[in-house]
Amino acid sequence: MDVLDQLAAVREGKLSRRAFGRSLMAVGISLVSIPLLPRRSLAAAEDHATYFTWGGFDIPDYFDEYVAKRGELPNFVTYGSAEEALQKLQSGFVADIAHPCLSDVPRWSSTGLFQPVDVARLSNWADVIPELWDVPYNLTEGKPWLIPFEWGQTSIAYRTDLFGLEGEESWNMLWDARHAGRLGSLGAGGDVWWCAAIKAGVPFDQIGTDAAFEKISAVLREQRPLIRMYTDDTTSLDTALAAGEIVATMAWNSSVVSLAAQGVPVKFARPKEGALTWVCGMMLHAEAPKIDSAYDVLDSLISEAAAVFNMRDYGYGGVNRKAFDQFTDADLEVLGLSRNPAEVLKAGHFGVPQTPEWDRRMTETWEQIKLGF
Amino acid sequence: MARFTGFQPHSRPLALYAALFALFLYLPILFIPLFSVNEGVYVRFPLEGFTLDWYADLWSREPLKAAFLNSLKVAGSVAVLSTVLAIPAAMAIARYRMPGKGPVVGFMMLPLVLPGLILGVALLTLLNRLGVTLSLVTVAIGHMVICLPYAISVLLPRLIGFNRSLEEASADLGENPWWTFWRVTFPGILPGVLACLLMTFTISFDEFFMAFFLSGTSQTLPMYIWGQLRFPQDFPSLLALSTLILLVSFLLAFISLRLGRVGQVTAEGRA
Amino acid sequence: MTLAANSPVPPVRPGAVLRFLHRNEAWRGYLLILPALGLMLVAILFPLGSTLMMSTWSLSGYEIARTPSLDNYAAMLGHPMYGVLIGRSLEVALVATAVTVALCYPMAYYVAFHVHRHKALWLMLMTLPFWTSYLLRVFAWKVVLGYEGVLNTALVGLGVVETPVAALLYSQTAVTVVLAHSWAAFAVLPIYVSLEKIDRTYLEAAADLGDGPWRRFWRITFPLSLPGVVAAFFLMFVPTVGDYITPAMVGGPDGMMVGNLIQAMFGPMNNWPAGAALSVVLMVTIALAGLAFLIVGRLVRRV
C-alpha cells in the first residue's frame, strides 16, 4: 500500500514529484526483484517431490508416513479441474505425481508424460484392494499406470424434504418432470454418459455400438430441459443442494457426507438399476525429478492412515484394506461401503475403457447436448 | 479549490444516484463478511449462528497465507511495472506521428481478445522452450502482458487532447524533456496514473489463468481459491480472508483520507 | 532511464543520437513505445502464431496430425451450433457492456465534477469490492439471485410474484447482471479519466454565452468525454465476448457462450486444433466488432 501513502504525501506537498517518481521506481524494482525470487529458506523443499493434485488433498493428514521418514511435507501444486491440470502438464510443466482417475488412464498415458509404477518399491502395496487397480488397461508389462487413492460411486443425491420420492430410488429421479428446472447434474462425460447408459438400459459392454450412442444421446437430450445446472465443482453443487436451488442431482459420495454433517436433510440414493463406480489415484511423471521422494509420497498415500482419513473425513472409499477394520458395519453402511469392498465394487457398474475414437465421439456428442444441440 | 466549480452546485439527484450505484457495487459484497461469521459451511440462508472460528482457522493455514502474500507481491509489482511501461507507450500513441501506428495499437490490444486459456498454454510452452524456470516472476510477466492494454487504454483518453502548451512553454524555457515530463506532464496525467495503478492491481490480484499456467510451486490467491472447489469445507475461511482484505483496504483508504485532510491547504494551490 | 540510455545504437556519440531523435518525431515515438511493444511482441506473437498454425491441424485418435488443412473451419460452417453460440455471446456482451457503461457514466461524472476532495478515495471505494475474489462474489450473487434467495424472498414477500422467479439465476439474465457488476469499476475508471481532463474554462465560456446545464453537457462535456466512453466500451466488450467463467458459474444450460465451447475443446473434448480454429474465428469476429465501434465512435465525434 506504499503507493497510497505516497500519493497522500504528494498531495500534502511533502514529497516532490521527482522523489515520488524515484520512489515509485524503487518500489517497483524492489517489489519485483526481491520477494518474487524463491527464498533461500525454501531451498530444503527442493529435495522433495511435487504432488500436483486437487485443492483439499494438499494436507498433512495424508503424509504421516512421509514426514516420519523425510521430516517434512512434499511440495504441492493444486488445481480445481483435472482437465486444466493435464493442459498444464502437456505444455511442459513437470510435477512428479499427478492425480487423475482410472477412466482417464488411456488418454493420460497416451501423452507419453507418465511412467508405470514399480510397485515393489511401495511397502503398503500388499494391502491395496486389487479390484481397484487390476484392470487390463491400467497395466503395462504387469505394472500399473495408476495407483488407486480414493474411490466411490456416482449416484443421485436428493433432498429428502423437497424431493417427492415415488416408489423405489432409481435413475428416473433425475428425469422427473415434476421437478423440472430444479435438478442438477455433473458435467463430465466420464460420469454422465455412463450413468445415462444405466438409465437407458445399455449394458456397458455394448456401449461402443451405434445403437447405444443413439439411445444414450436421446436420454440425455430428453433430460436437458429439466436441468438447472451442469457442473463438476462439488462446492457449487453442494451449495445449490443445501440452498434448495436444486432438489436432486447426480453426485459423488463426498457431497452427501459433507451435506449431512451440516444437517442438510439429504440422502445418497441406491438406484435400483445400480450406481456407477469410479476410482481415482496417482500417476508418476515420466521424467519425475525426485523419483525416490515420489515413491515415498505414493507409499504414504496408500497407507492405512490416509485411507482412514479418506473414509472418515471426506466420505470416499479408502484403498487400504486395513482401514476397514477401524469402522463398524453401521459406519460403513452410512458411507455406502461394506466390510468386503469387492462386494460393493461388484454390485456397481464399472466403466469399461473404450477406444480413443469412442472417447472423442462421446465427449463431442455430450458437450453438444449440454450446449443444446 | 482553484478549479472552476461555479456551475456545479452539489447535485442532489446525482448524489442519490451515486449512493444507489454504491449499493449495487457493495450489496453482494456485504454477504461475504456476513457468511464469514456464519457457523454453517454453505453460503445459504438461514444463517446458523455466529462464530469467529473461520478467522481463527486462517492462522493455521500456511498455504493460504503464503498464497495471499504471493498475490500481493505479484499484483503490486505488476501494477507499478505495467504503469511504468504504459505511460511512454500511451504518450507515443497519443502524440507522435508514426507510420504504422494503427496496426501497432491494434496489436497491443490483442491480449484482450486472446482467451486466457490459450495465452496461458502458449506462454507456458514458450517459457519451456526458452528453459525459463517457472516462478512468481513468470506469473508477473504474464500479468503484465494482459494488463498493458488496460493500462494504455486508461491513460490514452487523458493524454489525447492534453493541453500541450504548458509542455511547450517548459521546453521553450530550456528545460530538458525528462524534467518537463516530471514537472508538467506527469502531474497533468496523475489521475490517469492513479486509475491505471488501481486497475492493473485489481486485474492481477484476481487473475487465475496466467497464474495457473505460469506458476511453479508457489501459488497465488486465486489459484488457491479455485483449487478449493472440490471440497466445500474450507470455503468459509476464504470468506474470512476476503473480509479481512476488505477491512484492511478500507482502513488504508481511511488513513490516506486523514493524511489528505492534513495536507489539504498545501494541495489547494496546486490542483 | 534517460533517452540516451535507451538509444538503439550505442557506439554513436550520444549528442548525435539526441539531435537525431529531436528532429525525428516518428523515431521518438517508436522509442517510447518500444519497452511495452517489445514485451508484447515476445509474449503475443508466439501464442498467436501457434494458435493460427494449430487451427489448421487435425486429430487422429489421441494424436495430432500436422498436415495443414482448413477442415476445422469448414466443419464450423456446417453446424448451426457455432453461429448460435457466437451470436449469443455477442448479444450478451453487447447488452452487458451497454448497460454497464450507461450506469457508470453518471457515477464517473459525479466523481469528476461533484466530488472536490478525496477523488482518489472515491476511485478506491469503487475498486475495493473487486479485491475480493471473483469466485466469492459469484457465490454472493447466488445468495441474492437464487431460487430461495434474497431477491426472490423479497419479491414473494412484497406480493410482486406468487412463486419465486427461477430465471434470476442460471440464465442469461444472471450472466448479464454478474458481468455488469464485475466490470463496473473497470468502466468507471476510463470515463472518469476523460471527464476529469475536460478544461473547465470551456464550460465557463459556454455559460457566458447563455447555455443551460443540459446544453453545456451535450455540446461540451459529453463529446469531450467520448474517448473515455469508447475506451470503457472496448475494454469491457472485447474480453466479455470470449468469457466462459461467468456463464459456466451462473449461466445454466441455456446461458452458455462460445467461450464455454472453446474451453470444452481444449479440455474434455481434447481437440486443441478445433479449439484453436474457433478461437481464431472468435478473434476475427471481435476484431470486426471492435473496428465497427471505432468507426462509429469516430463518426459520432466528427458530427
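By letter and in written order, the chains are A, B and C; residue numbering begins at 1 in each of them.
One rule holds in what follows: a contact is a pair of C-beta atoms (placed from the backbone, for glycine too) under 8 Å apart; a residue touches a chain by one contact, two chains touch by 3 or more.
Model, not experiment: these values are computed from the prediction.
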{"item": "Farthest chain (mean CA position) relative to chain B", "value": "A"}
{"item": "Leading chain pair when contacts are tallied as C-beta pairs", "value": "B-C"}
{"item": "Cα-centroid distance, chain B relative to chain C, in whole angstrom", "value": "15"}
{"item": "For chain A paired with chain B, centre-to-centre distance based on mean C-alpha positions, whole Å", "value": "33"}
{"item": "Chain A, residues touching no fewer than two other chains", "value": "4, 7, 25, 84, 87, 236, 239, 243-244"}
{"item": "Per-residue overlap in chain C, given as positions that touch at least 2 other chains", "value": "120, 124, 139, 142-143, 146, 148-149, 266"}
{"item": "Residues of chain B touching at least two other chains", "value": "43-45, 117, 121, 125, 194, 226, 229, 235, 249, 253, 256, 260"}
{"item": "Sites on chain B touched by chain A in the complex", "value": "40-45, 63, 73-74, 76-77, 79-81, 84, 117, 121, 124-125, 127-128, 134-137, 140, 182-183, 186-187, 190, 194, 197, 212-213, 215-219, 223-224, 226-235, 249, 252-253, 256, 259-260, 262-263, 266-267, 270"}
{"item": "Contacting residues of chain C [partner chain B, same complex]", "value": "2-3, 25-26, 28-33, 35-37, 39-40, 43-44, 46-48, 50-51, 103-104, 106-107, 109-111, 113-114, 116-121, 123-137, 139-144, 146, 148-150, 153, 181, 184-186, 189-190, 192-194, 196-197, 199-201, 203-204, 207, 213, 216, 224, 227-228, 231, 234-235, 238-239, 242, 244, 259, 262-263, 266, 275-276, 279, 282-283, 286-287, 290"}
{"item": "Footprint of chain A on chain C - complex, ascending", "value": "1, 59, 61-62, 79-81, 84-85, 120, 124, 139, 142-143, 146-149, 166, 169-170, 248-249, 252-254, 256, 260-261, 264, 266-271"}
{"item": "List of chain A residues in touch with chain C within their complex", "value": "4, 7, 25, 81, 83-84, 87, 107, 110-111, 181-182, 188-189, 224, 227-231, 236, 239-240, 243-245, 355-357, 359-360, 363-364, 367-368, 370-373"}
{"item": "For the chain B and chain C complex, residues of the former touching the latter", "value": "1, 3-8, 10-11, 14-15, 17-18, 21-22, 24-29, 31-32, 35, 43-45, 85-86, 88-89, 91-93, 95-99, 101, 104, 106-115, 117-119, 121-123, 125-126, 141-142, 144-145, 148-150, 152-158, 160-163, 177-178, 191-192, 194-195, 198-199, 202, 205-206, 208, 221-222, 225-226, 229, 235, 238-239, 242, 245-246, 249-250, 253, 256-257, 260, 264"}
